[in-house]
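Shown below is the structure under consideration.
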């Protein structure tokens, strides 16, 4: 079985990260924005795992790291959803571009 | 605590007394302020006497240490005075007493806060003149900013807030430039003590850095002095601040610029100042003539005096540029002399404002008719300002020109045009007010009362004493002069 | 007695202080106090002078200003020259104090007037006793102050205000020359003492060019003070002051200080023929220039003022042609007869309350004494034989001739001729002809005014005999005693010169008589002529100055005002605007859109990376 | 890792963290199950906990460097001093929370407390983190707690909005940080800082670009926390949306934690990484960070000029201050760390003090506009003078801690090689710009007359944090050597 080179993972992760970032910056729906952020974090996980397996000094650390990342990503979304619900109660909507009450 | 510390912190007695007294009736507040303003005066006379007696006044107390690499930088709380500063201290306390006295009839509201800020200001100024290292100097220098800001902003004239901001911005910039320069000295010389820093730079050969620091000094003190084109704030302050405050401002605060230029500029970096001397001379010339010609066309007495101050500060610059004994002594004399004269002027302006509510030259005329004594004092102040022999202004102008002619006769010759212009604008302004026909616009005016006459007379006596027998202060500054001259190599 | 010489300036100073502080309390008495003290001053001065004749020289010094290694002193110097001046000033001052008692009677600021007068006297006495140039300069300025205060005594009059200002400024211009000169001199000789300066000149410590430069600069000071062309315009205006002031300051003493200055610095001038030449030319030109103006003026005091300028020109001319004693002698005699003329004019004005000679006439009926003393003064100034002016003026002419300056000699002769013409024009118009004033307007002249006039009249007649080739050259001998550098430049006079002077003087008087008494010439014809208008308008010098220097200065001031408004302020405004713009832009970009915020951050990252790559080459 | 090794660790070094953890858990339990009567004393429990933690920490003064748990927890002097700042700042903020007089949302009170403690714990973990994972977890603990705290005022739409913005921006920043970390991990194969530093100190070779990308991306992610330009834009909105104590917390504790992690990672790792032969990687990046410092000072202070909302104003001012603190970061002199530490300490006192004054006025006047200060000197001279002290310190007037902090930074910038004259100059100019808005507040307090006559009273509880902050501000200004000697 030929191993897929490390670069391939890295490029995939990079693409994933960029897609996530693009979505996070452009989508109106807050939930999609949150999902896109998840996408970015998953790109990180991909990186970590790939490095863990194929990097300079392969080891388990990268995978452990990615576990932490997943957990925290989950927590982030949970908090995000909670806040969004509070917002929804006020504005009856989930569009991120409507959040412009605070500005100069 | 030595006498000097006692002196520097003595204004706090008044401040605390006022604080403890709380908001009393106006009269009590004023009485407390007046009496406590005498304490620094008494102490400063004591300091002067001790200095004359030759007893050491310096104090030192370790304060902060920095370790930069193998270097340990120490900041001390150290006070000391030399001939120049002891005279300026005396000037400060005298003018402060008079300003407090005169403000008691000028300040109608919130006198409680006013006097507290005045004492804070006096504290800062005394500290500036007593500090023996640059950091301490800077700290006191900055401390003067805050009370000045409020005093201008709260009790000033029409554009008081704008003037206050203009004051704080210009002086803030100046002091920040100073701070960088001080930091640079601190780091390179490892000390900020005046004499130690001077010693260091005498032997070091970092010419570029020294020149940079010298230019920074020139800018920083140039704001304070002020040097064209950094003068706008000062005109505003002169015009819009309460006259009692301008007594201190024009009388003492501007002198910090001269003091700094002479003591740090020439004292610490004589070599760079020799390089800069032509520039300083030209700046001085510009100040002298620019101020004089502008003073000629002003329609407001206080603007005339403001530009006149700029013009007179040009003379200080010329003296500094001369970099010889006569020039520097002249600059020192001019600092003291201009301090006294402008204090007298603004004392009179305050007196006038109480009566007429305006100092517009178009509105004033023939004041000598109803208030001959006030008019007489104005005239005398003008004569002092234009350098009439027998008054302090002459001695300083003569000495400066004596100095500048040795090194830069051409600059000196052009500068003498300023002497002529001074006469022209001074007489124009003062004669416009006091001479001519009296137009009855202000109703009945009383001439000076005792409370006004005495402060004015005290200032006048100081001016005349220095003018008639300049050795009263000349002998005191000789030691400073010698120290400076060693640096210049003259 | 001579040790108490310091009392001479101190006493009038005391009067000044006393009167200025107690002017409300003393009121009328202040006049008597002033007269009394000035009398004492005169007595002290006389005693000192008498002792000085024996002693010859006297010097007292105190350290005054220490500047590092430089030590400037203050002191008293007495020598023949300033001893003579001292006496002269103290004497005339005393007389004029007395005269003022009557003249100023009833004035609201009676005490103030005497205070100012005393201040001036003090300064003038201090001036002549100065042992060094700086002290000289200081008193020089202080006499200017006295003059200023007294010219502007009627402060409520706009013209007085302007005149006072002008006097101060014009003389200040000259003073600056003096100041530069003395500073340059200091750096040449390292001293300001007269003796050291003489020494330096004698030793040849200074280059010739430098001596000339300094001499000319110092002469500029003299020009200013002595009303020489081109700084003369203040002197006629100075007549705005009360007349006793004109007599004391603007005729007898202060204006002569310029001549005195040249005399004091004489060694310096002697070392530079160019400087001497300039002094002579300026003097001669001023003499004829002022005389021509004096011919047509209609204000009594103005004519006298121009006459003063002209006479001062004579003195300068004398100085410029090595006629040291002649110049001082003329100063001496001029002090008496010009003071006399002014006092006489003052009593006329006091009596008739006008200064316009066109409104006067026939006053010799009403003011007999005044008319007589005026005539004496006029004869003296015209150089009528045996009057004091005759001797001094003749000596000046002799000096000019002896130096071989024939051009200047002719000018001097013409000027002398014009002097008699305008003086007698004045005399005839004021005291002869028909009276144009209603008689009841004429007030009697009080005794306090008469006595000084009579005393001065005596001196105007006889003071010439102090220095004649007939009876002895006392003054010249005395002066030369104290000034060794004057040896061997004595100009003897000759009979033909005396005759010439007499002819010139009589000719002038005769011409005036023909024109103004006999009306031999049609005066109306001139009045339209350009020359007449030019003379009447004083060669348009005032207008010239007004349009150039005064307007010019104001123009520069206004120009700077523009710089202030549009350059300095604009820079500030620009910076202010810049700050505001940045501030507003920064604030506007804060839209409230969370995604924009991150987008900006991401953009920052991209820029960050891009710049890095461009720079680092990755 | 057997039980033996586990026990052999010096667990005592973690006593402050454990204290906070235990008190935090206790608080949450008591808040959930405790009686209402107890709830009043809950805040005091929190204060006591932080106090005890401070005492524990102080006992560790002078303790040698150790690391436990396989180098994931490091105790060194750096950790000690910065933890102290976090604890002191949190203590002050807790006192601020307690002092609340208007009790709008009583039910939230307990939550604030344990969230604060959780965030504090996160910050402390960051200070002691020796491993990318522990650093990251600590940072996220801090961030997540902060998101919730900002959003806790559920009934206020501004609170939710602020929280949402904070969360979106913060999460993206986290993603960036992690992405960068993943590269660093990939390059060295380790998450332990010591190992990474060791790996990087050798020649990176072809790894250099990766290291640089890692550096840049990570820096961007972390710059968000300290709100430097251009990653600052969330700051004012979030500060405005949060309740004032939380704003103060974000402005002080969260920002300090940001600086801590930046110093840890960038000096620790990249400061050792050789680059292009001679320089360290960090040294090559100095110019870029310097540009950021410049922009941060510039924009923070200039935009602050236009603010009328006090919290926004302080938000911009805090951006400006972050710019100042970046200067010692790039100066790289032996005093840099000391300067950062001192400035953060001074900044904690003066900023919390200023927020406290705003908090007091905001509760009485129901407004955050600058006009709440109008005529304050008449209404309450003491409060006006106290505010003046904080403002003076923020503006860097001598006699206050802010001045010493700024002066130190100047000295450091000038002493650096090459000397950072441009940054020092910018700081100088921007300090003067900051005078305008600080002094404008003073103008409001002293010179303007109040629209409505009334008195403002300081409650006894409110005076406690005020006095502490004043003491800190003045004390550090007049006797800076106490703190500086302590640091050595």
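Order of writing sets the chain letters: A, B, C and D. Residues in each chain are counted from 1.
Methods note: a contact is a pair of C-beta atoms (placed from the backbone, for glycine too) under 8 Å apart; a residue touches a chain by one contact, two chains touch by 3 or more.
Here is each chain with its UniProt name: A = NADH-quinone oxidoreductase subunit K; C = NADH-quinone oxidoreductase subunit L; D = NADH-quinone oxidoreductase subunit N.
What you see is a predicted model; the values in this text were computed from it and never measured.
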Pair of chains joined by more contacts [C-beta pairs], A-C or C-D: C-D
Most distant chain from chain D by Cα centroid: C
Whole-Å separation of chain centres (CA-atom averages), chain C against chain D: 78
Interchain centroid distance [CA atoms averaged], chain A/chain C, Å: 96
Mean-CA-position distance for chain D and chain B (Å): 43
Distance between chain centroids, defined by C-alpha means - chain A, chain B (Å): 65
Sites on chain C at which at least two other chains make contact: 587, 590, 592, 594-595, 598
Multi-chain contact residues (two or more partners), chain B: none
Where chain D touches two or more other chains, by residue: 164-165, 168, 172, 236-237, 303, 306-307
Pairs of chains in contact (touch as defined earlier), listed by label: A-C, A-D, B-C, B-D, C-D
Chain C - residues contacting chain B, complex: 63-70, 109, 112, 134, 137-139, 141-142, 145, 152, 155-156, 158, 160-161, 164-165, 168-169, 172-173, 176, 179-180, 183-184, 186-187, 553-554, 556-561, 563-564, 567-569, 571-572
Contacting residues of chain D [partner chain A, same complex]: 132-133, 136-137, 140, 144, 147-148, 151, 154, 157-165, 167-168, 171-172, 174-175, 178-179, 181-183, 185-191, 199, 207, 236-237, 240-241, 303, 306-307, 312
Partner chain D, residues of chain A touching it in the complex: 10, 13, 17, 20-21, 24, 30, 33-34, 37, 40-41, 43-44, 47-48, 50-51, 55-59, 61-62, 64-65, 68-69, 72, 75-76, 79-80, 82-84, 86-87, 89-91, 96, 99, 101-104
Parts of chain B lying in touch with chain C, wherever the complex brings them together: 228-229, 231-232, 290, 293-297, 325-326, 329, 366, 368-369, 372, 383, 388-390, 394-395, 398-399, 401-402, 405-406, 409, 412-413, 416-417, 419-421, 423-424, 427-428, 431, 434-438, 469-471, 474-475, 478, 481-482, 485
Contact set on chain C toward chain D in their complex: 579-580, 582-584, 586-587, 589-590, 592, 594-598, 600-601, 603-605, 608-609, 611-612, 616, 618
